[in-house]
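Look for chain A in each of the two complexes below; its partner is chain B in the first and chain C in the second.
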Partner chain A sequence: MEKRVTFRGWMLPLLLIAPQVVISAVFFFYPAGQAIWQSLFIPDPFGLSSQYVGLGNFDYLLSDPFYRASFLTTAVFSILVTLCSMVPALFLAVIADRLIKGSGVYRTLLIWPYAVAPAVAGVLWLFMFNTRVGVISWYLGTLGYDWNHVLNGSEAMGLVVVASAWGRISYNFLFFFAALQAVPRSVIEAAAIDGARFWRRFWTIVLPLLSPTTFFLLVVNVVYAFFETFGVIHTITAGGPQQSTTILVYKVFSDGFVGQDLGSSSAQSVILLFVVGLLTVIQFKFIEKRVHY
Partner chain B sequence: MKKSLFGAILASGTALSPLSAYAETEVQFWHAFTGRLGELVAAQVEDFNASQDDYVVVQSHKGNYSETLNAGIAAFRAGEQPHILMVFEVGTATMMSATGATKPVFEVMAESGATFDPDAYIGSVKGYYTSTDGEMLSLPFNSSTPVLWVNRDAFEAAGVDPDTDLSTWQKVGETLDALKAGGEDCPLVTAWQSWIHLENFSAYHDVPFASKDNGFAGTDTELMLNGEAQVAHLTAMGQWAQDGKFIYTGRRNEGGANFRSGECALFTESSAGYAGIKAEAQFDFDVRPLPYWEGVGNSPQNTIIGGASLWVLEGHEAEEYKGVGEFLAYLSSSDVQAQWHQDTGYLPITSEAGDATRAAGFYDENPGTDIAVIQMTAKEPTANSKGLRLGSFDQIRGIIDEELEAIWAGDKSAQEAMDSAKERGDALLRRFESANK
Partner chain C sequence: MAREVHGMVEKRGAGLWLTHAFMIIGVLVIFFPIWLAFVASTVTQQDIIQPPMPVMPGDQFWINYKNALFSGVNVPVATMLFNSLVMAIGIAVGKIIISLLSAFAIVYFKFPGKMIFFWMIFLTLMLPVEVRIVPTYEVVAGFGMLNSYSGLIFPLIASATATFLFRQFFLTIPDELAEAARVDGARPMRFFWDIVVPMSRTNVAALFVILFIYGWNQYLWPLLITTDPEMNTIVMGIKQMFPSGDDFAHWPTIMATSILAMIPPVIVVVGMQRLFIRGLVDSEK
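Right after this comes the complex of A and B.
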């Protein structure tokens, strides 16, 4: 039998949800509505005149093979960023959880990269991998590997993934670490007495108990990879070489704010809105079923 | 006691400061220069402010060329636009079609009553920024043209005569072979690949880059950069890239760092690279005219400009526009221009500034600094070498960059890449045409 609390009358519940409704309306519904409206026009950059084109912007985009290719680039990029930011974070959290001495220092140091702005992180990594003066590319050169991300698409992709995932490891670490502390010791000790080794305990007990956190981080990291990484891409590769690192949101940014093509940029945001909406629905429908709260 | 004294100082400070600024009209000037160029612009503004009491020009740096243009557009949409905005040559078509957002320079000058003679400007510079009926829309500020920079020490280290003839690409090709054979790891590097190896290449060989006189005659223009001459050049460059004789470093002027550090032997870059190379190079360097392919088109024609001009934006007080006019007149005066030309390697944009520089003996003391001027003005421009006026050109350059990268990486032939660049670029030109009907 579920326990329900009911309100008498309408005023109090309305008042309680009002702040959230107002915030969503101002920061989400209004801009999203504007984007949908603008996607039907080709405006001039200064906002002096605009021409109604109906679904012309969408037609233009979807018939462009480079735009369609950018869906695949985005998928590859998002999966890699999510993996590269969650797996190391979990690993570090498990180690930190087992530490007895000095865990405070260790934790603080691990959280530091989160304070670095994405664009700055991009510049840092670019310096290390600069084809001429970069420390790491120089070291790779001495090993006989010629690092050149300005011409090699896979190397460029690798570099933007690492630069985007790096700061996120801290964020994920925090959540995993907190979740690990909440795993009841008694269950683990019972398994240990039964003779289960560390890895067995980890796979059969700890990981399933972490699943709500893992699921939350999965959703948050995918959204991060989709929307917040264009600063890193802009500073490191500007979408190149060719279009190997042009993800959907970077194209929204570069068409709108570099190319001043606000019509196409708005249409792209609308498409992105649907893609992410769809992804979130899929995540909640299929993956959440495997989560045990 | 201490506290109240501090408060009093603060109060008097805030009360007094507006008074001192009240008598002067403020003019906002947004530009894209950092480093040495940023210092030089700041010095020009300071000199102007010190030269009179009526106006104060406030200069601010707003990022690179694209970012500055964007900042200006965003500010205009928010009603916070500066009086003067620096716009790179690529944004010219965008600005020209924005009637209502810009106030043509000829109008500003006429209203302010400042001395201004549009005929004083070098034709090939002025042509870029005038309307079809010959009225000057923006003030040419920094204009440059590509030249070939030579690291003489690197030539000697590789056992190649640094005075060897580099006037044609055929000869450059032979020299690259010799440099490579002599152990040079970076024989050739470039900046601004589309500007130098396609836009200027086309003008220099007198072949069209786009139809409708490169866009001067109308917005219904199409790219023609997949012509025989361009493809032949890019095929050769692509082969040099495969052989490690041409080193690709990036889409903008990243290659400048490689050249200035002495790593590369040859560098195709703007004449305005002079300020940086002179300041940093620890080796003997030399300037040569941009090479051409012997027997292709009517080469050598003239090269075209790159750089930026100053646009005046609408929506300010008449009194402020007077200040703008005074400042622009100051900037184009021949002393200021001659100094700017000598400091930076940008072209002297008035013939008078060029003559003053020659008379002062600058070219004799700094051999090669007049090459850019000669290269641009040697021949009367043709329809193919007047310049480019294409909408959405910043994005089109992005497309060209991508396709060129495909050639350098060996993924596409020059013909395939340029055909694709034309197809993709034309789609953007059609959008620009329909946005500006």
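Right after this comes the complex of A and C.
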């Protein structure tokens, strides 16, 4: 889309656009280019020179069992985070939508966790499940269950999933609630007069009408789980035990900064770049759908 | 309102109470971690390291918060709060300014290379800072911007979301306004200041709320570039308060810091709820 009316001159617009272009070039395009460039080299251990290896880093990565495991971990993690944040949110939104009065108060309370940074959420959940002082782990202990996410990989995964999904419930709730409010009342009325009970109406009318919102949220929650949960994982498990919670973004960090393996870290960045591109395309497609619905 | 009719079709007596009950349980479950953190910030270390800890607040509120704010563990939490504030406001204001300007240029002018710049900006939508951390770190280090506010702020404003938002909005401003301005001989920047900026007020405010929270809640980037505790932001500083060895972490201080870290964004979100929800919906469109 273009404006019919435009102003003349080209010096001024170039000047106006310059700050954004310069910042994007210096802090975005140059580093992204560097990542692609470095992914083709292996630096020597002293960082004095580096050797061109073509796609060697990629070959090595894709045959590396740890990297493959990290892909699987990321998939499991994002699916679980998406489910654990969307199902409770939908449930709460459906209940809030039934209320004529008071839903505003609940909404105000429910959006709190969205404001809590993932890293802080991580600390809160770590505190509850801490093996020595955690309240929940202590009560689990009295019930005979020995909670130890420091040693047990699935417990660690469960904990980072819940801590990541927690703040996301608020976000999803807001979108589901808005979508529910937009469902035409007349349709619900008609079904109610025909004798359809609440849950029947929900499954046959409301849920299909929510599908654009649901698809949209599916995509943005996966993107969130991929890229914005670093803080949760770093505070709770630091990728452990035995890399069982090392998602792809965490591995870029741990190989690049902790392991100082720049070639491999850059190659991972490039692979993630493709993943982001793919997710963005999917996101735009679904958002298109949402608009046309 | 149509919603009122809804009530008439179905009887809602016990059902209504049940609905409220479910809602209250939901809110309590969601709130539990925050409540527990608050309780932990008001009791002594002794109360916590002998589990189970109490579930009602103790009387150490002032002592713990004073200790956290003015002594902290590595650095007083007040310092970290200040750093976070500078970073969050810097990111929000910086991104809004550069985006308003470049969106204005893209929408209201025809100039050589316009489409190239447009796509250049568009591409930055796709790559979060987490993906390009190593090279971005090298750039920032090369400029000597480690442990500085500009190092914290600039790499995080290199993204196009806000530009797109403003572009979409500018396209809805009636052409007649620009026409009239041109007929009156108004300079483009005059039109920008007198018409475009005032009309964008709500969008700017909504975006500010979203960007403030985005900036405040950053973790990985400040973790990498602030090696000097004096420059730590509060969200990344909490993790630094944990001892590295087998020692007990000082939980009351850590939990007081966690509560302090969530207060500013919570105030922004709850206090500006309408703008926040609008910004959320806008920026995802």
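Going forward, the second predicted complex is superposed on the first by the 232 of 293 C-alpha atoms of A that agree within 3 Å, B and C clash if a C-alpha of one lies under 4 Å from a C-alpha of the other, contacts with A are read in each partner's own complex, and residues count from 1 in each chain.
Note that in this section contacts are C-beta pairs under 8 Å (C-beta built on N, C-alpha and C of every residue); 3 or more make two chains touch, one makes a residue touch a chain.
Note that the structure is predicted; figures quoted are calculated from it, not measured.
When the two complexes are overlaid on their common chain A, residue A:Pro31 makes contact with chain C while staying clear of chain B. Legend: residue contacts after superposition of the two complexes on their common chain; A:Ala69 is shown touching neither chain B nor chain C.
Shared-chain residue A:Gly231: touches chain C; no touch with chain B.
Legend: residue contacts after superposition of the two complexes on their common chain; A:Leu174 is shown touching chain C, with no touch to chain B.
In the superposed pair of complexes, A:Arg132 makes contact with chain B and with chain C alike. Contacts of A:Ser264 after superposition: chain B is touched, whereas chain C is not reached. Of the two partner chains, chain C is the only one that A:Leu99 touches; chain B does not reach it.
Contacts of A:Leu151 after superposition on the shared chain: chain B is touched, whereas chain C is not. By the document's definition of touching, neither partner reaches A:Val183: not chain B, not chain C.
More residues of chain A lie in contact with C than with the other chain of the pair chain B and chain C.
Taken together, the two complexes place residues 132-133, 257 of chain A in contact with chain B and also with chain C.
By the touch criterion stated above, chain B contacts chain A in their complex at residues 66, 69-70, 73, 76-77, 94, 97-101, 248-251, 254, 257-258, 261, 263, 392, 394-395, 398, 401-403, 405-406, 408-409, 411, 424, 427-428, 431, 434-437. Residues 1, 3-7, 9-10, 12-14, 16-17, 19-21, 23-32, 34-35, 38, 88, 91-92, 95-96, 98-100, 102, 106-121, 123-125, 127-128, 132-135, 138-139, 166, 169-171, 174-175, 178, 185-186, 188-189, 192-193, 198, 216, 220, 227-228, 230-231, 234-235, 249, 252-253, 256-257, 262, 265-266, 269, 272-273, 276-277, 280, 287 of chain A touch chain C in their complex.
Of all the residues in chain C, the ones that touch chain A in their complex are 2-7, 9-10, 16, 19-20, 22-23, 26-27, 30-31, 33-34, 36-37, 40, 48-49, 51-53, 55, 97-99, 101-102, 104-112, 114, 117, 120-121, 123-128, 130-140, 154-155, 157-160, 163, 171, 175, 178-179, 182, 188-189, 191, 213, 216-220, 223-224, 235-236, 238-239, 248, 251, 254-255, 258, 261-262, 265-266, 268-270, 273, 276-277, 280-281, 284-285. Within the complex, the chain A residues that touch chain B are 42-48, 50-51, 53, 60, 64, 66, 131-133, 150-152, 238-243, 254-255, 257-261, 263-264.
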